[in-house]
Each structure stands twice: as structure tokens, then as C-alpha cells.
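Next come two complexes, and both contain chain A; in the first it sits with chain B, in the second with chain C.
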Partner chain A sequence: MPGTQTLVNELVTKLKKRRVEGSQETALLTAELLRSVISQLKVPPTNQAETLIEAVKSVGELLVAANPVELAVGNIVRRVLHIIRDEDFSVAISSAGGDDRETAEQNGFRVQTVAAGPPSRSPSLHAILDRTPDSERAHHSSRDGDSFEGKGKSADRNAESWKLKHDVIRAVNELIEDINSCHEQIAEQSVELIHQNEILLTFGRSRTVREFLCAAKEKRRSFRVFVAEGAPKYQGHALAKDLGARGLQTTVITDSAVFAMISRVNMVVVGVHAVMANGGVIGPVGLNMVALAARKHAVPFVVVAGPHKLCPLYPQNPQVLLNEMRCPSELLQDGEFSDCMGVCNGSGNPLLNVVNPAFDYVPPELVSLFITDIGGYNPSFMHRLIYDYYSADDLDLQKRSNS
Partner chain B sequence: MPPQRKGAAARVSEDTEDLTRHPLQAILLADSFATKFRPITLERPKVLLPLVNVPMIDYTLAWLESAGVEEVFVFCCAHSKQVIEYLEKSEWFSQPNFSVVTIESHNSVSAGDALRLIYERNVINGDFVLISGDTVSNMSLTQVIQEHKERRKKDSNAVMTMVIKQSKPSPITHQSRLGTDELFLAIDPQTKQLLFYEEKTDSYRGIIPLDNALLGDNPSICLHNDKQDCYIDICSQEVLSLFTDNFDYQHLRRHFVKGLLVDDIMGYKIFTHEIHSSYAARIDNYRSYDTISKDIIQRWTYPFVPDVMFSGNSATHLEREGMYRASEIEQSRSAHIGPFTVIGKGTKIGNNSNISNSVIGKGCSIGSNVSITGSYIWDSVTIEDGCDIRHAIICDGVVIKSGAALEPGVVLSFKVVIGQQCIVPSYSKVSLYQQPTVEDSDEELEYADNSSGTVDSSITCTVDTLNREMMSETPASQLGPGGVGHVWSICEGAHEEEWRHSVAPIPADKLAEAIQSLEDDLELLNLDGNALSVSGELKSGCNGTDSEDDDVEDSRDDSIIYEKEVEATFLRAVNENIKVPDVILEMNSLRLSYNMTSADCAGAIFYAMMKQALEIPHATAGELRKSAASIIDAWNKLLKFYSKEIDDQIEVIMKFEEMCLESVKEFSPHFSQILHLLYDKDILEEDAILRWADEKKDAEESDKVFVKQSEKLIQWLREASEEED
Partner chain C sequence: MWWRSPSFILDKQQSDTVPHQRNPPDTLPLPLPSQPPFSMADTLQNPSPENNISAYYQTRAAHHAVVTGDWLAQAQAAIGRDPDDSTDTTVATVAGKPFSVIDEFNSWRKQPELAEAVAAIRALAAVIRNCQATTMMELEIELKKASDSLKSGDTTSISLTAGCDLFMRYVTRTSALEYEDFDSAKSRLIERAEKFGEISCKARRIIAMLSQDFIFDGCTILVHGFSRVVFEVLKTAAQSKKLFRVFCTEGRPDRSGLRLSNELAKLDVPVKLLIDSAVAYTMDEVDMVFVGADGVVESGGIINMMGTFQIALVAHSMNKPVYVAAESYKFARLYPLDQKDMVPALCPIDFGVPIPSKVEVETSARDYTPPQYLTLLFTDLGVLTPSVVSDELIQLYL
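On to the complex of A and B.
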């Protein structure tokens, strides 16, 4: 069995060398790695949750540092941390540790064997508010375990540790499932949003957008799609090809033609790199321009995003690297400019400089609607979703190491 | 858990499948076999020199790894211990699916030796990538290897594919931005076969000697001077055996590539692959070090840029305007850090210091009011207050005391100390080591690095004691009070060329000089032309070659050579008593090969005859005239053959006039007599003389000397013709 360390190193190198492209793939790889980290971790009988959290945090920290631009890594790490806390909490609720720990373990074991189903997979604000009374109630209702006291202590202990791990792994599996199936979940909502004979505009290339549009097509909606090509990577070309192959009426336009075309468009649908806690989004460069054009003409600007894109951080957080400067040769070939590249002015600054940012930030005011796998939300509602998915203790992954 | 393991297993099986198909290997030469980076390379091998705070070899290895190479043989020679130690400490030995094997040698002096040694080891079993450890690239190898393999299937003689990239050389200095000489390549545009490779040419005229067969054998060739050799080669196994067979191959390009191109017995072929949007360049000299550093900072080499941790480098953040900062930097509020600057971990920067376009390594301490521009400062350097550093390379552990200044192009090797208020002149190289004696700076200098490298390693053990000795020895005057180090004297020949390869930008005066010399050269060419056309303006008119300026220049060149040839032929004819018809035959062939008119011929032959007459010893002017007459008499037929037309005859007169004016002034008093003689001998017709006189009517006074001199003859001819009428 490959050691956890090698697996971690493998992903860290991959991320470092920017060999993983796309946030969904990154998210899946991260989640799978964390799952194997958890499954291979030897959990001590006490402080299980703490140990798991420690382990996941230390791995997560490495992963985040390897590619700070890819926010999906941090999102998944935080999600997993939240899952651990959540499971620990639910175990605590169900076991309702009495005066001695054995009882609690007994109880936990029983709950597990009974397989009473997860009490609350994604606890709402209610669950959090109810925490104290809940646990107290559990505390009171845990008297029946006493009769088992003294029987098979060690076996129980193993079972209990196994129980938490098992639950966590099951929840992580569900998360992976969610990420894998988010496209279908989002696509299902397309019929409600896309109407007959509408004209849509999209920008760059996003698998979610593609599935979203194709799902509507399959439901026999007839509509037209404008695809802005998304310089300098021109991923719009690939998207247009895909859509054309799927039988959609597609028109490719240059990025600079967006404003000219926007007045004919009924809705803008885009995929993004990440959704921030304030409802702002980070997307491919040029997206802000599209959003502004849409606002100017009062065209709805809809963002489709899977669960892994939800980032609990705010864009003004100094830890959030909003942008990545990519290779200038995507813009122009240095060979052709080789004679002017060497030229410097008096102070040695090069006269020709090429900047190729990868991302753009679109403020929440410009976004009309988010379509996630669990439904449509307003930008102002994003923080609510985030508090359902993440716990506030995990927001700062790196802070712990500095102290 | 089960799906996870399955995924991993699938990945592994995929990799093993790759392995059985083509385990891609690479040979990395961790020795440049050159001395361009001296004196730094006396103490540390070139591949370990930091390039934007990361050793060069890391760029090469990281690229090889990302390009899918699975096995790398690192050939270490000079300072091999240091290279191996570094690799052991780094994480390169522990990478999955990427094995690094070192091959150590102590007696290799060239790339040829290295490849012969690797051949003996018998470790390469297929196509391999051959590069040196100072290459920075981000290109994908898939396509080029695919192309190479397909070509090999069709033609087993296609042994090598060379990667090239567009790069325009400067028209003024005739070097690329990497500081290498202008490169001339001839490539078959269809097959991309390399047909010709020449690095240095007659820089001003741009004359490239091309083999005729090259043009004959290939239906079309493309000649490029705007390509850059990336020194990334995809080679077949045969390349190694070729090196073994030809034990005199040393240099990869100068011997091997040219050898294969010239020698067509075996029929081995080299092909090229041009990359467009990816980056590839080799650090050959200080200028390319500077250029490539700048390219890295401007992210052309993405993902091998400072803020991506592709090797064991420390985390660095990219800030506005291309400023990279590592952690734990202590920077004064008043310090100003300009764009395109990299600052290493734990560096301290004092008040009011100004840094721009520079790379600063780990743990440096920079005082107040320091100004640093375009410089490369390595690790643990101390720069005290008020220093001024421009376009310098400063190695580890250097101390620059307060108020010192480095002029552009300075290289300070390890642990040198520059004294207070000292000004180091531009292009100086300072090292703790004495400059090696001139002995090894003979022809083999190119390969001397290694031989002396082994000597160096024996020195290193005693370096400390040496240092102490040297400290007392060093004349303080050169490096200021308290200065430690030897200033290397620049050898005579290299001094002029120093600016070409330095880190400093080409100074304005050198540039102006180069432009000036370029213009001078053009002017010289024009002057050549003018010299001829003083009287030859008309001549060129009759030549009909004044179609284009370039053509005129060329034909001027040609006509000078032609005249010399004619003279030599004539001389031979006189000495060996060759008969007139035979001489005419020879003259004709000369005329055809230089594409000259018969007028040119007549002029040239007459010129040769007069020269010959001058050669015959003569005491008085009369004798000279007599000998001229006798020669004209003897070679009457020859001259007549070429001066049948009036135009040809006029040309002869012009030529004669020109001669009298410039080269052979002895004839000037006899102009009219000889003219008369030529008339008598029926070489010149009266029409020719009269027309010549007519043409000269409007000429300047100075041009009319000879017309006046022969006034009598012309008068007489005129009267005679009138009488006839």
C-alpha cells in the first residue's frame, strides 16, 4: 500500500507544477487524497476528531501552499474539516457521553450498528444553534448504556474509532459524489431558466455551462448561443465546437464584440473559477467586461458553479491570490519580437513587456443569480450557503503554522 | 478506499505501459566545456550557478521531468563532487517515475569525450534527448519526438533532430539577444533537413560560402539568419557510436554537426524542429545569463518562474509590476524597489536604497542609500552604505564596503572584498584565485576549463590557506583599502569583445562605434565604387551594370578582381610566350566567368599591357614609350580582338586616361603619342578618338588634361575626316 506521504507528495508536485487543470479535477484529486489520508490514519482512542483535523490540516496546508491560486484545494480541505467536525458532533449527539467515556463509546457503537442514518449531514444554522440543548438532551437520555459496562472494552474502543472514521469517509465519499454529479444537478435546472427562442451568451469554456445548455437542448428547447472566444486561451472555440456537435445553434464572437452583441442577448451564462464568500466571482480574464456589459443592458448575468467552487474566504483576504500571471507567449511569440525584447530604456526597464493575467474578479453587484447543485441563489445569500458548508474555525489554514 | 487504490493502480499500469514502449532517456551534460563563465566557474560548476535564485540545473531537470523524460544521465566532470553533492541533497533522486543517474568523469575535456564515455557505459537504449545543464525551456517534447520517430521509420539515417527557434540577430552587432554570434542555417523547407550550419561569418559583408553541391542536390533551400539554436537535440543511438567512431569529434556543433553535414559518405541526416510559442534557450555567456534571467522574471518560461515552486526553491510571491518577494524580507520603509526585481528570503534592505531590474539572493544585507540596477546578487552578500552597483554579477559571500562603486559589466567571484570608496572599472573580473597563466589560453582554451578544473579541485582543499596568503599579498590599491581578490587582466584580443558578452547592456559608445564601422564599411564600398567611377561613371554606363546599387557594388568588386585576373593571365602569356589565339581563349573564359562585356576586356587587357610595359626597365621616358610601343606591337592582335566596336575602343581610351591620372602616372606625358600609336596600329579608329573628345567637351577642367594634350592629334583627325567629306 503506498504510504500517505508519497500520495501527498505526488499531488503536491502536480499542483506545484501546475499539471492539474480545472477546478473540478483539482477538487476531486484533493478529496480523494484526503480520504486516503483519513483512512490510513491510526486514530488514538481519545481526541479522535482532533487527530483527524490535525492530519487533514497539515496535509491541506501543504496542498494549498503548492498552488495558492487554485482555490478549490482550500475549499475541499475546509469541507473535509467541516465534515470531521460535523461527524464528531453528531457522534457526540448520539452517544451523549455520560459520566464515563465507556458509556459513550458503547452508545456510539450501538448507534452505528443500528445504522440509524446520519442525523444531520449538512446541519443548518438551526443545528448549530441547537447544539447545546441537543447534547444536553442526549446527555440525559444515555442511561441505558450502563448495562453494557465492562464488556469488551478494547473492542468497543476500536469500534468507536472505526465509527468516526467510517462516518467521515462516508461523508467524504458523498462529497466526491456531489462534485462528480454537480453538472447533472445544475443542468436539471436549465429548463426553468432557458426559454424558447432565447439568445444566450457565454464566455470561455466551462463544462458546467456546456452541460447546462445541452440539457436544455435535450428538453427540446430551441435557443441560440453566442460564445465569446475567450482570448488568449481561446477556450471558447472548443466550447463552440462541442455545442455545435451537440446540435446547438452556436455563434462565435470575439471578446471585444460582447458589448455590441449584448443588446440582443436574453441571458448571460458563465462558469467561473471560484465563488467568494461575498458573492463575487473569480472567472477567466475578460469576465468583468462581460458582466458590465450585461449590467448596462440589464441582461441577467447567471453564474453556474459546483459545490467545490464555493470559497469561504473574502476576496479582500490577503491570503487569496486573486490572479495568476501566465506565460506571455500565449499572447505573442517571443521569436518575432526578439529584436525589441532586448531593448531597455535608460534605467534598464524593458520597453516591451507582456502581461497575461488568467483571472478577473466580478463584484457581487454584477451577478444576478448563482445556480448551484442545490438550487438557485442570490449573491447576497452566498455567505449563508458557505456557513452551511464550512466551519469558521477552518477559514485560516495557514495561521496555525505561523503561531 | 477501494476506488482510490484502483485509480492509483490504473495510473501505474499506464506508466509501465509507457515504459515498455519508449523509456525516454536524456543525457544532461553538467559541464559546459567552456571558459566563458570564468572566474566564477573556477570555484563552482556552471550548472550550479543560481539563475534567478535557483541553480541552472534545476531548470533543466524540472523541464525534463515535466516533458516526460523518465531517465536522466547527468554527466559531471569539472567540480563533479559539487554537482553530485547538490543532487543528493536535492529532491531529484527521490522523484517518482523520474530517475537521475550521475556519471562521473575526471578526464573528459569535451562533449565528445563525454558521449564516448556514455557509449562505453552502454546505458542508452533508444532515442534520447541531449542537452546541457544550462538550458532553460518549457517546450513540450511530445511533438518533436513523434516527428523524430516517424522520420526514423522512413529513413534510418535521420539520426538527430535539432530544436531551433526564431530570434532575430541585431543588424548592428551581429549577435542575438543571447549574445551568441549570428547563426546561418540552410534548411530544406519541405523536409526540414538541416543542410548547412555556420556560426561565424564575415560579419559585415555577410558572405557565406555555400557548397555548389548544396544548391545542385536540393530543389529548394531556405537560408536563415534569424534562427537560434536551442541546443536541445533529439538523438538516436547512432549518435553515440558516431562519436566513438570519429574520435576527433569534440564540440557538438563545430565538429559533430558540421562533420555530418560535410561528410556525406555515411549519409546521416540532421533535421530541425522549430518551436514557436514555447521557450528554449541556453546560457552560453554572461549576456545570455542576463537575457534569460529577464525572460524568467517576465514569465516567458512559465511554469518555471520564481513564484511557482518547480524545484526546492522557497515560496516567492509575485507582486505588482513583476516584483517577486520571498518571505522574511526586512525592508526599510524608505527603500524603493522597482519593477522586475526578485528579492530572496531573509534579505535586509536599508533606508533610501533603490533597487531595480535586479535579482537579489538569500540572506543578503544591503545598507542605506545603495543603488542597484540590473545586477545579479547571489546569496549572503553584504553591501554597505552608499554603494552604487550597475549591471554586475556578485557571487556568494562578497563584501562591498561603503561608498564603493561597480561600473557596468563587473563580475565579482566568491568572497571577494571590495574596499571603501573603491571604483571597480567596467568589465573587470575579480576573483580570489590568480588568473591562470597564459599557457592554456592557446587554441584548446575552449576545452581547457575541465583540465584546469581538476587542478582547481586540488586547489580547493588548500583554498583557505591560500586565501590567507592572498589577503596579505593583494595589492590594496586595486580594490581599495581592505580589498581582497585579484583583478583578472583581460587578454588583449578579448578586450574589444568583452562588451559583447557582458551582463551590461551594450554601451552607447560601442553601439555608436558599431554603427559607425558599419557605415564606414558601406562608405568604403561606395568609395571603391567611386574610385572606379571617377572616370568610370560612363564606363559603368556602357557596362550596363548600374541597374541596382547593390549590383553596382558587387560588380565593382568583381571588376577589380577581374582586372587582377586579366593582368595575371597576360603576364603569364608574356612570360611563357603563349600564342595570341590561346590567350584569347583564356581571356574569353575569364570574361564569361565574371560576366564582363568585351569593352571591359579591352580595357583590362590594355591596362595589363601598359603595366607590363612599365615593368620593363627603362631609364628615360623615351625608352618607356618604346617598350610600350613594342608591347602594343606584339599583342596587337589580342587587343584588336576585343576592341572591334567603337564603344570598346572608347573604353580603352578611358582606361588609359584613368591609368595616367591615377595608377601609372609615368605614362601621362606620353598620352598623345601612345594614342597616336594606337591609331596607327589600327587599334583605335578615328571615330573613337573623336567621340571620346566630344564626350569630354563638357567635362571639368581637370578631366580635360589629356584631351588638351592630344589636341593636335584630334585636330588632325578632324581635318582629315573633313577632307574626306
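On to the complex of A and C.
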């Protein structure tokens, strides 16, 4: 499959050179790439699900390794793997329910999943209790298969292989659709959260936040928005411009003025880079300060996040492992430091260092509410959503690619 | 919480004056109404000659023998005496043959690496295997009796009770029993029971594997007491060439921290021993706190060795993560509302000097750490936040 190989390489290069940024765009590109990988893959008649999973995993490893900080890539890869497992399970259910049991028997993997229940569920006390021993499973499946020997095997198999792939591609399309439309669904909930004459504060630039605020405006709510500019990228300026153009009362403040203004604010609404499994969030640098200020003044800190931002990993040492040091030119663009940049002390180390981290980790205690496309949730509830979206078998995607 | 009521306090005062009377909470779950209440129940509940030491504590002593060898001997003697009293009355007569759960349980329990709950699970699996019943209902009743007798052998052990409850849930409340003939259903049950025992056995390895991500090079870990899971975690980390150091609390009164420090020193892990009251003093050097658990309760909190709560409080106020390593068979159906809302497990405390009789001594061996002070729990089900544990438990027994 030379066609997919070039596509994969293209995205890997883009990710490596940080030419795609922003979790939504990355998520969409990843999902589309995986869709074309799946559609161009020739599946063998048996073990199709495993073949698909292997193919998606190998591509996923490359993509994750290209930019490990962009968690959306890993999330989408895991979602697609979960979709394959899920569709495989439902195909197996339907085939076991119908006449063609011998196909199920041929495919040992499939039979196991039927017996064990949906493979998607993360390990839980339930699952441990209801898991059946392998020997028993094999015994039953072979006995079932014997009674239906030799009845149009090949035709069934072809139809089924086509069906699985078709179902998976359809589900991936739905996923892409979900990612595209999550803004609208999140924005719909804004009327319930934004009240008349309130003052809101947001930080940096997020498309989700923009749609969220504009939706409330369209419903004739009048409110004011403070936008912290979000140094060093100053994306807040762009957001303020957008909001002003849509007719919202907008005020731009510096990041350092957040604490000064927060006592007048009724709610903080922010978009984030990723949501971790414990309910903590990774956001643009400076977000933790905003969250602490909001906590100090008991202002609700609301995070809006689409489904592609949910990451099933726990943050271990997030300040280091999930962070990225960006180019210092963002800080020193004026060139006024240029004369001291070259100066070194005796041992050859430069006297002037510039550190420009890209992300901040906000612990779950500081988040009041998550607004997702399917409703508002408490930080401690995020694990439930994550268990619904991902299978436990796929969690170590990134770990394997790192080692 | 009825034993905190005035009537209980009165009873307790009386029992203190009358040496052979037991604490009222222990009498409650006894399924032996026909027996002479005191002498019989005494040997069942508290096999040791000393009346105010719980069976819970003896098990700990047997497994973690640190202080003296005679604790072990005493506990062994108590174990040896136990079945004579309880088996004949409960199980053997029902089964109509010499097999007994308690014997089976004790033979499993002799293995020092095997947790009490796993021993109980194995013993209950043996009950199914040896059962003469011909209907599902009979089998269930017999299992129930066996698990009750196991539980009553040591009412203070949370993991034993929780393990038995989980096993019963596993065997009786499942959809996988829809078989026409009894024999195939029974063989299936045996298979599942053994599977469950196996999973529980592997739990410690799984937890050690899961927790490796959280131990980073150069970190300092504070541990409290001796927990086999925590030891396994640290051992695995040391074997995978991680560089870390460990602060062990002394773990009074049974000084279990001393044993952990011995074991760790054998693995060439840098260890520092602290007295229990030095926790706050050293907390600023600590990167994470690791504790085991006697039981994980429905709120998501844990019940563990005395002192865990105050360590968690100190760690919380200094913003250090508190990690708990606990196997899933320790998930118990309890919801303690505060520290005293538990069956107390008592242990002897040696102060080194004679204590005047007027001075009261707090001899409780465990405390309850509420979920808000815990960061994550490492279980064989995965890495969970306290609220997930709570969710799991409530769903399981829904």
C-alpha cells in the first residue's frame, strides 16, 4: 500500500515540524488518515479485526512518536481502535445470531469476544467476575460450529469481511462528523450557563469558547467578556477581535491583570489542549494561574472540551512529560536582547537563558465543570466518559512507541 | 454506629471490670445461638488467651512477624485451636463429611505470601468441589454457611470479609449459571472460582506493573507500615533499575516499618527510618506517599494501619500525592462515617514502662482515611481515582 505510506509520512512530517497545531485540526487529520489506511487495507478472510487493529496501531505509533505532546493524535488512534473492536463485536453478535455460525467458529478471536461480552469495557469488578475461562469458551464454540458444517462458507465470509470494513469506515466517518460538530453541541448549552449581565473571563484562543459565547449572544443574552491575551502567542487578541466582530462587549486584559479583575468575574470559560483521565487539564501556559485566581475568589472555572480532547492517560509529572519548550523568539522578538545573547561566562554557558513552555497543567481540584458535546460533567466523572470511548487494551499506545 | 451509644459505653465499662466478658460488637454476628454464649464465642472470636487483642492483629503478626517469634507461635496455636471449635458445629455437620472450610483456609493461610482473602477464596472454591449438594440452592446455602463461618473466625479482618462477599457475589449473582443440568453448572462454578483465585493471586504483580509509571528516577517515597503490595511495587521498581530512596516510618506498635526497611536494605534501596512522629518534619523532602490498605471502602477511602490518616493529612496539606496500592479483593461494602465507625481492631502496645491502671490506652490498630486525601489507587483493575472505586463498588452490589 504505497498510497497510504506516503500519506502517513506526510502527516508524520507535518507533526514533527509542528506545522499542524491545535487539537481539532490534528484530530481531524489523524482520523482522515486512519480512514484511508483502513479503506486501502486488504483484509484477509480470517482475523480481519486483528489485521485492522495491527495496521492502525502501527500507523498510530508513528504518529504519536512524531509529536507525543499532541495528545489528540493518540486519542483518535485509540478511538479508532475502539471502534474496530466494537464493530467486530457487533458483527460477531449478528453472525452468531444468524445461520452462519461456522464463520464465527473459524474466527476464534471473534467467538471469544462474544462470550466475554463487549471488549470495550475497561477492567472492572464486573468484568472480572463475568469473564469466562478460555477453555470453556473454545469448547462451546466448537460444539456450536459442528452442527452447522459446510454451508456457503466462502460467500458468507466475503460478505462479512466487506461488512466489517464498511462498518468501521462508517463509524470513523461518524467520529469525524462528531469532531466537526462538537462546537455546535457545546454551544447549545451556553444559554443555560450564561446569564444576563454577567461578566465572563476567558484565556487564550479557542474556537469552542468563541462558538460558546456567540451562541449565547445569538440567544439575546447581553454579557461582557474579558479576554486575557495569552502571552507569548497573544492568541487572545485574535479571539477578542472575533468576538468584537460578532457584536459582543469585549475587553482585552493582560495575563498579569487576571488576578486584579477576577473579583468582578462571574465565570471563567476556557478551552483546553487535553483532558486527562483524572479530570485534570492541559492548557495553554498561564491557565493554572487563572484557575488559582478563580479558586481564590470562588469563581466557577468551566472547561469546554470536545470528545477528541479526552485522553485516557493519567498525568505523571505533567509539567515535564506533557510539555513542550517552544522557540524563544516568541519572547524576544524585538531583538533588544541581541547584544547579550552571545555573552557567555567562563565555562561556556550563556548568561541569558530563555524558557518558553507551551502548556500548563491544571489539577482536577481547580476545575468546577466540564462542558462536553454530551453534557456537563464533574471532573471526577471524566473517567466514565473515557471508559466509554476507549478500550483498556489500547492505553499503552504511547508507552510502546516511546520505548 | 450503635456501639458508640451510651449503652455500649456502659457495657464497655462493665466488660473492663469483668475480665472474661467480651466487647458487645463482637457478639453481634455470631451465628451460634444454641451454644453457651461466652466460653464458646470467646475462643471463636479471640483465639488468643489475651482478651483485648483482635484476631486481625494476630494475622498481621503471623504474616509480618517483626516483633517477636512468640507472636507467631501464639497465632499458630490459635489457628490450630480454631477449627476444633467452629468446624464441627457449622460446616462438617452440614456437609456430612470430614471436609471443613476452616481447615482448608488454614492450610492455605500457612503460605506466608498468600493473602488472607485469597486463602479464603481458595477455601471456598474447595467447598464447591467437595460439596455433596444436588441442587443449586443447596450449594448456595452451603457456601453461605462456609463463608459465614470463615468470616466469623475473624470479624475484624476487612479483606477476609470482602473476599468472601466478592466470591459469593461472583458465584451466586451471575447470569452464567443458566445450565440445565446441575453437574455442568457446578463444574463451571469450580472453574470460575479457581479463575477468581488465580486473578486474585496475580493481583500483586499487576499492581506492581501499573505503578511503575509513577515512580520516577530520583524520587523520594514515604511508606507507612509493611504492606506486601507496596513492597512488591518497590521491589519491581528496584529491579527495573529505578533510582529512588525510601523513607520508612517505624510503624508502632508492631514496628512493621522496621521489617520493610530490612527487606529494602536487602535490595540495596537507600532507606531511611523515621519515627512515626517525624512524618511532618520530613514531608518536604518527600515526593510521594505510598501506603497499602486493609480495606478499600465504598466512599473510596481506605482503612489502614494506624497513622495512615495523619500521614495523608500532612501530605495533603503539603500538596504531595498519596498513592494507595490495594488488590480488588479488599474492596469492602463498608461506608465509615468517621474514625470510630468501624469494628475496632485492637492491638497491644508496649510502652516500655508500666502504665498505671487509671491511664487509658488507645489500642485501636487501624484508622480510616477519607477519599479526599488520596490521590490515586493502584488496583488490579487499573489506576483509579477514589471516585472510580466508589463507582465500581456501588455498581457491583447494586
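Here, the second predicted complex is superposed on the first by the 330 of 403 C-alpha atoms of A that agree within 3 Å, B and C clash if a C-alpha of one lies under 4 Å from a C-alpha of the other, contacts with A are read in each partner's own complex, and residues count from 1 in each chain.
In this section, contacts are C-beta pairs under 8 Å (C-beta built on N, C-alpha and C of every residue); 3 or more make two chains touch, one makes a residue touch a chain.
For clarity, every value in this text was computed on a predicted model and none was experimentally measured.
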- Query: Which partner does A:E61 reach: the first (chain B), the second (chain C), both, or neither?
  - Reply: neither
- For A:T6, decide between first (touching chain B), second (touching chain C), both and neither. first
- Return first, second, both or neither, reflecting whether A:E174 touches chain B, chain C, both chains, or no partner chain. neither
- State whether A:E188 touches chain B only (first), chain C only (second), both chains, or neither. neither
- Of the partners chain B and chain C, which touch A:R18 in the superposed model: first, second, both, neither? first
- Query: Which holds for A:N278: it touches chain B only (first), chain C only (second), both, or neither?
  - Reply: second
- Query: After lining up the shared chain so the two structures overlap, which partner does A:E198 touch, if you call chain B first and chain C second: first, second, both or neither?
  - Reply: neither
- Query: On chain A, which partner touches more residues: chain B or chain C?
  - Reply: B
- Item | First (chain B), second (chain C), both or neither touched by A:E32 | first
- Note on the structure: Residue overlap on chain A between the chain B interface and the chain C interface none
- Parts of chain A lying in touch with chain B, wherever the complex brings them together: 1-2, 6-7, 9-10, 13, 16-19, 32, 35-36, 39, 65-66, 169, 321, 325-330, 333-336, 338-339, 341-342, 344, 347-350, 353-354, 356
- Interface residues, chain A side, partner chain C - complex: 122-126, 128-133, 135-136, 278-279, 314, 316-317, 380-381, 383-384, 392, 399
- Contacts from chain B onto chain A in the complex sit at residues 1, 4-5, 7-8, 62, 66, 95-96, 138, 165-168, 170, 176-177, 228, 276-279, 291, 294-295, 298-303, 308-310, 315, 317-318, 322, 338-340, 356-357, 373-374, 391, 505
- The answer for chain C against chain A in the complex is residues 166, 169-170, 174-176, 188, 191-192, 195-196, 199, 213-214, 216, 328, 331, 376, 380-385, 387-388, 391-393, 395-396
